[in-house]
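Here chain A shows up in two complexes: once beside chain B, once beside chain C.
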Partner chain A sequence: MIYSYIRPRKKSAVTPEVKLLFTFFGITLLMLFITYAFLLYKDYNFVNDLNLIAQKNAVVNQNLSEMKSQIEFIEKENVLAQKIQTKNSVLKDSITNLFDLVPQSITLSQAQLQQNALILHGLTPNKDVYSFMLQAPLRSIFHKTYSSFYPAGDGWLRFVSTNYTDEEATIKEEVIENEN
Partner chain B sequence: MKINISRQYIYLMGVSILLFVFVLLFSFLVLIPEGKEYRENRGELKLKSNDLRKYQNLSDETEAKLKELQKKHRHVIVAFDTQFTPSRFKEQHKNNFSSLDISKAEIIEDTEGFVTYEVNTTSKISSPKSFYDFLDAINKSDWIIGVNFPIDFKRDGELINSSFTMKVYCNAKDKNATKKEEK
Partner chain C sequence: MKFLEAFYSKVFVNIVANKEGLDVSVEVYAKKVQVSGYEKSFSEIDESMLDFIESYTSESPYYYISVLDSSSTQGAIPTCLKNRLSYYQDVSDCEYKCHDSKWTYYTSKTNLYDMEKKYKRVGIDFIFSPFSVLAHFFKDKLEGQTSLYLLIEDYYISVGVFADMQLLYAEHLNISDYRENEELYIVNDEQDDGLELELDDSIDLEGINAIDDMDSLDSLDDFGDIEDLDSLEDIDEFSDTQDIEEEFNQEQEEELVMNAHSSSSDDYKRFFLIQNSINAFYKDDKYESEFIDNVYVADAVGVSLDMKRYFEEEMFMNVYIRRIVLGDALLELAKEELSV
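== the complex of A and B ==
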């Protein structure tokens, strides 16, 4: 016996409402998980990048300190070289000035240059020539000057002139010059 | 008034509420803290990257300065690195002397990265000018050499016997090399 004129519809568990609900939540959850995965991946990358930067930093720091010490050493070398070259030039000037002091009439046989002393051996025609032409300029340079003479045999005199500078007096003179 | 809600809708509402609660909990308990951490890490990375860039710039500048110094003071650097060899010294300066004898180099000082050798020299020169030329030439030689007191000039016929000490300055790393050379 038929109670209805229409045929019964097939009933399913997945109704359009259920489909809509699962689609909505499916998309929402998918977006959430994708975002979470993205954040996890980025965090992992950040940690790697930070490690890499720390390593690079260490290398750059080491190179930098090595280069700085090299620069310091080169500057030290240069200062020392300049000091030595200046000392050589001053020495050359000192020796030139010393030999320029000796007049034509006096002949030197030996000259000993020490840190604070100058010892000259030579021949002079007489004491006056020595005193006026050599001893006087030497006295103006050195603080103490001693001379001794003995006959050379041909009327000339052999002399030994020993001259000293007082280091303390030299320093005082330099200080006064600098103050002026 | 009676509201007629089918059982199916009640189930659907239950599932919806459960999923909504899950989404909320996941968002607030997991996603937002993770997002904060991401933001902090990004800031830290940016900061560290900037620091690294600054260090690299400083390193580049320092390298340029070092290269410039090396180029400018090449002679001094090479001179300090060169081992002192008496034979080569004689060869270089024989023009200034009629004869030249050099004693064995002895270490007299070893401080602050430099080694100082002392060399006693006896020579014959034709005039003081030869000695002046030698003092000029020594400043351009292959080594860093300082002529020191005492300096002695003694007349010997037409020539002048001269004796003086020289200090040769080397880098400390060449100390062993110079010793080997002397042997």
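== the complex of A and C ==
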């Protein structure tokens, strides 16, 4: 019930001291909130970056393993290539040596190089030329040499020379050479 | 910010002006429970009073300063109808409030401005009418038969006649208005009236053969019954209008009345002014005059027993005096306003 002629003055709990206190706490809380929000953002960003980096890392690792396998394959290819190159150079030397073995009077029509064999087809004026000029060096190289002749029609003889190397004997020879 | 109010205590400062100066009482309430109370008197509104009040009001932003309207131009009107107010009093320059939709109390706007100016340094939140104080103080007695209610302060008397919670008549009296000449004039006036009555009612001796008329002697015997009026039973009949409960309370209040601070002459002045006011109530056609049996006095100054005697002997009224501490009465009103 209203008794008074006048209304009471407006009362407020917010005195200047309390206002100052609230302002101070408000600014502090605001700063804390902003800092917290900033840290949250940075944390979120960091986690995102971390995930991206992890994904990239996984991709890189995968690429690395692929590259490693590729390197291994290339290395193997390289070794193989070197082996082939070596073999080829050996073969080239062998062929060169082979052709150096063939005298002027004998004509080769076909030469077949196999793993442990060399088969030569050609024309020789006679058996003696063949035996002295070609068969003799072949025998020094191969362990087994077989020759067959048949006439060519103009007095010359066609020959087929089949030469084999014995692998076991070759290995033994290499061992002996190494021991020496 | 309303919720913050619950965390603070409420400080009620009550300022009552009296002839010594100003009585300031401070009550501190926390959650509707009184925590502490302090009182101090000051001769004027000075630095010491401001310091005293500020030492408590600084404890809480929720402090309320109440003062009692001590202006001369105030009163109460027995209606709340705005179109009827002017019938009793010109309230165009007054601030007025309706009490419980039954009656209106008012005070001059100029006085309110003066009070606000006077207490500008202190600052005031409530200005209460003495009629509000009176009605609140005697709220348990306002119901029932027509009675006179008085709030007696050092310089002022608030007179209210209530019947069944309804105000019939009110007047705010200033003791300084009392003039001895006026008293003599009125007393003489009354004496003149008495003389006139005696003359008017004088017995026409010419028409009576007193000694010879035996019938008249017989009839005189009947006057013997008058003695019976003095018997206790008859006195009880006269006391039908007495307030038994208040009588009981009066025995406890008796000691307070004995320690009266007010002088007998002041009390006579007060009685005289009140008597005039009651006469005005009886005579003025504007008011519904009803016979008053009981007088309830809210005594803020410590009236002497003479006051009671004046009423009982000269106006044949039952007088019940209650001591009132105006600071506490203001506190109660302020609490009720704020629903504390």
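Assume the second predicted complex is superposed on the first by the 99 of 180 C-alpha atoms of A that agree within 3 Å, B and C clash if a C-alpha of one lies under 4 Å from a C-alpha of the other, contacts with A are read in each partner's own complex, and residues count from 1 in each chain.
In the analysis below, contacts are C-beta pairs under 8 Å (C-beta built on N, C-alpha and C of every residue); 3 or more make two chains touch, one makes a residue touch a chain.
Only a predicted model underlies this, so the values are computations on that prediction, with no experimental measurement involved.
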Kindly classify A:11 by the partners it touches after superposition: chain B alone (first), chain C alone (second), both, or neither? second
Residues of chain A touched by chain B versus by chain C: which partner has the larger set? B
Quick one: is A:2 in contact with chain B, with chain C, with both, or with neither? Answer first, second, both or neither. second
For A:67, select first, second, both or neither according to whether it touches chain B, chain C, the two together, or no partner. first
What is the contact status of A:167 with respect to chain B (first) and chain C (second): first, second, both, or neither? neither
Name the residues of chain A shared by its contacts with chain B and its contacts with chain C. 15
Complex contact set, residues of chain A against chain B: 15, 17-18, 21, 25, 28-29, 32, 35-36, 39-40, 42-43, 46-47, 49-50, 53-54, 56-57, 60-61, 63-64, 67-68, 70-71, 73-78, 80-81, 84-85, 87-89, 91-92, 95-96, 99, 108-115
Using the touch definition from the top, list the residues of chain A that touch chain C in their complex. 1-6, 8-9, 11-15
Can you check the complex and tell me which residues of chain B touch chain A? 8-9, 12, 15-16, 19, 22-23, 26-27, 30-31, 34-35, 37-38, 41-42, 44-45, 48-49, 51-52, 55-56, 58-59, 62-63, 65-66, 69-70, 73, 76-77, 79-80, 112-114, 128, 131-132, 135-136, 138-139, 144-147, 149-155, 167, 169, 171
Report the residues of chain C in contact with chain A in the complex, numbered from low to high. 1, 4-5, 7-8, 61-64, 66, 69, 95, 97, 99-100, 107, 112, 116, 123-129, 132, 136, 333-334, 336-338
